[in-house]
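This structure is in structure tokens; I'll ask about it shortly.
Just so it is clear, A, B, C and D label the chains in written order, and each chain counts residues from 1 on its own.
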Amino acid sequence: MSSPSTDPIPVAIVGASGYSGEELVRLLLHHPSVNLAAVTSRQYSGQTVAQIFPKFASHPKSRTLRFTDPNPDTLARAARIVFLALPHGVAAEFAIPLLAAGCTVIDLSADFRLRSAATYAEFYNHEHPAPHLLAQAVYGLPELHRDQIRNATLVASAGCYPTSILLPTIPLIRAGLIKSTGIIADSLSGVSGAGRKAEVDYLFCECNESLRAYGVPKHRHLSEIEEQLTLAAGHPVTVQFTPHLVPVNRGIHTTLYLAPAEPFHNATEAAALADRISACYRDAYANEPFVRLLEGKALPDTKNVVGTNLVEIAWRLDPRTGRLLAFSAEDNILKGASGQAVQNMNVLCGFPETTGLQ
Amino acid sequence: MSSPSTDPIPVAIVGASGYSGEELVRLLLHHPSVNLAAVTSRQYSGQTVAQIFPKFASHPKSRTLRFTDPNPDTLARAARIVFLALPHGVAAEFAIPLLAAGCTVIDLSADFRLRSAATYAEFYNHEHPAPHLLAQAVYGLPELHRDQIRNATLVASAGCYPTSILLPTIPLIRAGLIKSTGIIADSLSGVSGAGRKAEVDYLFCECNESLRAYGVPKHRHLSEIEEQLTLAAGHPVTVQFTPHLVPVNRGIHTTLYLAPAEPFHNATEAAALADRISACYRDAYANEPFVRLLEGKALPDTKNVVGTNLVEIAWRLDPRTGRLLAFSAEDNILKGASGQAVQNMNVLCGFPETTGLQ
Amino acid sequence: MSSPSTDPIPVAIVGASGYSGEELVRLLLHHPSVNLAAVTSRQYSGQTVAQIFPKFASHPKSRTLRFTDPNPDTLARAARIVFLALPHGVAAEFAIPLLAAGCTVIDLSADFRLRSAATYAEFYNHEHPAPHLLAQAVYGLPELHRDQIRNATLVASAGCYPTSILLPTIPLIRAGLIKSTGIIADSLSGVSGAGRKAEVDYLFCECNESLRAYGVPKHRHLSEIEEQLTLAAGHPVTVQFTPHLVPVNRGIHTTLYLAPAEPFHNATEAAALADRISACYRDAYANEPFVRLLEGKALPDTKNVVGTNLVEIAWRLDPRTGRLLAFSAEDNILKGASGQAVQNMNVLCGFPETTGLQ
Amino acid sequence: MSSPSTDPIPVAIVGASGYSGEELVRLLLHHPSVNLAAVTSRQYSGQTVAQIFPKFASHPKSRTLRFTDPNPDTLARAARIVFLALPHGVAAEFAIPLLAAGCTVIDLSADFRLRSAATYAEFYNHEHPAPHLLAQAVYGLPELHRDQIRNATLVASAGCYPTSILLPTIPLIRAGLIKSTGIIADSLSGVSGAGRKAEVDYLFCECNESLRAYGVPKHRHLSEIEEQLTLAAGHPVTVQFTPHLVPVNRGIHTTLYLAPAEPFHNATEAAALADRISACYRDAYANEPFVRLLEGKALPDTKNVVGTNLVEIAWRLDPRTGRLLAFSAEDNILKGASGQAVQNMNVLCGFPETTGLQ
């Protein structure tokens, strides 16, 4: 889909009633180069977008566009690009007929993020529903795989935690500046990451004034984190990943503990290493519209990125331990999900990458 | 139950897995004059209190006491006093056999708070399940009905909003200092008031950073508020009541708009009226252990009462409008529910009223 | 300033480091028809916008535009429109020379919101610093005073609480549908309303899990609320206003207690009155881009308007009390401050009113 | 002070207006074996405890006990035990005369937590104010140093982060089950940890909906963490410590990344190691009243310990990385500060250790 069309491209969202789906609706309603032609939700079928999401009611289309039951045939007729904001497993079931019907699919679930169906089965506890599609899927993290996304028909938009972990580490791995062993990622996530599900664990009173780790030691997102790091390193990489649930609506903060490939023994060596790290990050991200490299004393803070598609990154060498610490902050629903999905669409449609995201 | 026994009184809680039930467990585990003999929860049947509520795990009994399925016969054999922390409608079904078996019942639901079965049917949308018991039930607000509670076998512990509204108004009504017409109660409640129910409306992300009125203009608690005010006034009283949901775990704040019975026209009259209001509140509450009358510039703040059984009350005369404003703050789960239930128990057992509540 | 220019209009912000100032910076950086030429802050003088507000760092101008010390001469040379985001009293000191130098001034403080210098002195406890300017100032609430704003040189952008109170009441007052007596406004505000001031009362731990009324019974905003209602009614109006501080970052929710001008005695009369109220609101706001009249069961919720310039309004007739309840929700920093200021600018510059606000 | 007296021991608090001081007031007002004889606060001098802390107003003494200016002579006459809730540097200035006058001092600051004045100077950026007292000071973490605390005259109550880190690691270090190298502690803290200081960084709107690391890579608390681990290991230990500020009032959650002393290569070896870790923790803490070892799937959650003096600890072996993860949760103001200080007092006075803490 390399040549941008002048007419708005018809797009659809399957599963538009969750937090990511809602944000996709917002972004695509306002996107100047697409026409949001269909949104599906079994739960809200027949109601307008404005009725379910009053905050979008001032957009005229929100008052006419109605949720429908999801039907691949109808979707394929209505849209050229279909976004899947569905649980894993279910997403693949929609991808199969939509791709067969000639649609481009941008999947926000984990179904097509792994190249290995075996790894999928290990981490998601069921056989992959469409292993034959894995080879054609592209991992949708534009800063790392922009060229492949351009020609993709199936984009597996990168996950929220993986985005916060891969962006600070991949350039260092590629440049050989850090060891690929011993990587630790300690992450904090807002509660929207759990989705809009009626579960007691995510009630206000269960999350407010609560701090807790969960999903240790083998969270599902490890699979894509490790596969991407393995691809970058050229050999298998294992990661220690600890997610924590903290009482904010949105935001992921990640602290990474990394080992420089070559240790530094004094201030001179530290300064030289710091220069190489700086240069490495600048090379990777200085021209990236959605990555902000912090300088000076500033450290990432989710409140600076929530509501945007930006990732903040900062780092420190610790002369006491010899480690390199890296920090990132992002909005888990934007750069971690729906913003990234739109960014992927912009790339594959040849739109300027920031279209509809500023 | 007027003579306090020296042996701990065996007590039970039916429906101990919600927020009020959990707090009752905490209070009764530590209460020096009772023995928590049984706790029921269909959901957690067979598990220990410590397993479900780890925060109580340091109390030895929490590691041996197990939730059971609720069975009135078993409960009646195990306990002399049974607390019902159940939804309305269900509570009455348990009260009937328990009372028949000779237990004293302290009900935290709304089932026995009204004298009129017709009013109950109007506000709760179903026939009262045990209208023959209404006459023997006592409204469980000790500051207003202590004498009746002493001899009660069925105490309908007062509701959270009603407590915050009745305590500041009843003394003024009884003293004839305010009109019984035109009363407005504007209340804010923390999310625990909605219970530990898996509903999307009470998810963290749906409540955090949200302010909203609900249940207008005819919230169920109006029925008991108006019945109690009507009893105090000696003639029918209608109240305007607007509850709001705000993002705190616990706490109710109420602002009351009242009309002095006799208007004041100048500073001298205002000062005279202020003296009478002060005296009225002092007469009513100066010796009440759980009512704190604020003086000077202080206004109630839920953060000063959360975690306690206290109600803070303050008031202001407004010379510009001629109105009397009254303010109250309480912990909706303590003075608004479980603390009040224990206070009621202390009264009817002849224990010092603050036992286990400080 | 009735003819829109094709070149971007140079604008400046005085006092750009508070919450309203920061939001103005954001709005004006992205506004397509203006050029943000100067921002002042004594505290941050010399630093770039991007350094102080990293969330704006992806806008190129944020990396070159530097805060300066506020100097009226310099500002008048740099900008045709100057926004004052300053404390009351201080704002007037800047307005005097800026107006003299030919600038248009949009003041976010309370300094020019009242026509009466005496009322100002009564509510703000100091003499008005520029009483000669009061006659030329226009109250900046476009939905009510659009025509005057078009030709104004000094716009006193309406306050946050007043906006939430006046928008639901003025049309009813003008139409004679409610009495002008006995009006009660009960409001809840997020903590950003207190400004970015280092005071213990607004620390996280002092506000989180806290609900409290404040500023009763004579909050400063009453002065402009009453003056505007008095203008609409044609005779003096006194209002009961109770603000509460609740733990959200942003948002104001107001519940209004109003008396229909003619009482209704049965369902037929209630339905007739409801029709007139509906029609009144539709006449007033159906074409307003920033007012959303809720229908059906929906009630305003700040989470639906935070981040937008919208006000949500709903209402209910209460057959039990005969009252009319009205509810509104807004973002206190957008429609309550900076969004409204930009809306005022759009009106007076002849830009489409939603420019830069969607 | 080994023989418990029957008369209440007179105690005093210097610096009682911060969060830790306030909590100490609460604990000591209700402690059955002491008499809170004096509380100091320059800011509140002359006012009663009830006036400043209305939540304690129901305790009779709160209405008579007045804050005074801090004067060592007066304090030494009034109290046998003096708690210092002061900033570091200032605390030592009070400790010197109080110890000279024969008082026992329990210091909540960092002034006497280190044995090395040089380390103090390195981490606190000023010379130690009383290096001659360091040798007599005892590190106040009863679970680790109970015997020394019993005979102490100067107890340096352990810090909040250190408590959450040392309790899960010291038993493993002492038992040789983990390496003393490569330890990483990743901690989350509520905002009360920053104290009741009027600083913009800790305003509600700056902390709410914000997640950020700070104080990296050399937070002051590292000094005592490393000194205590060094003492336990018998050789120098360096730690990687990253604190994060998250929007809760209270609570610290720590995730520790540890390396087993001997690697495990298969499930059998992992099970054997797990048994040794379990046994090690049980030996250390099974009888500790304030340490709760979680079993099964449960992980620490601050909401289970806030309001208590408990620390929750859990751990996991990760077969994928070979690491041992340990987790802890505590109330930073109770077990992390004031509760621990009272626990230290109980130990040195020979009171049952849980007195006044349940």
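Everything below uses one rule, namely that a contact is a pair of C-beta atoms (placed from the backbone, for glycine too) under 8 Å apart; a residue touches a chain by one contact, two chains touch by 3 or more.
Keep in mind that this is a model prediction, so the values were computed, not measured.
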Task: Could you find the chain whose CA centre sits the greatest distance from that of chain D?
output: C
Task: Check A-D against C-D and say which one is joined by more contacting C-beta pairs.
output: A-D
Message: For chain A versus chain C, what separation do you get between their C-alpha means, in angstrom?
response: 37
- line: CA centroids of chain C and chain D: separation to the nearest Å works out as 47
- prompt: Approximately how many whole Å separate the CA-defined centres of chain A and chain D?
  reply: 39
Statement: Two or more other chains are touched by the chain D residues 190, 206, 208-209, 247-249, 301, 303
- line: In their shared complex, chain B is touched by residues of chain A numbered 19, 190-192, 196-200, 202-209, 247-249
- request: Report the residues of chain B in contact with chain D in the complex, numbered from low to high.
  value: 30, 54-55, 57-58, 209, 289-290, 292, 294, 298, 301, 303-305, 307-308, 310, 312, 358
- request: Name, in rising order, each residue of chain C that touches chain B in their complex.
  value: 184, 186, 188, 190, 206, 208-214, 216-218, 238-240, 242, 244, 246-253, 255, 257, 299-303, 306, 316, 318, 320-321, 323, 325, 327, 329
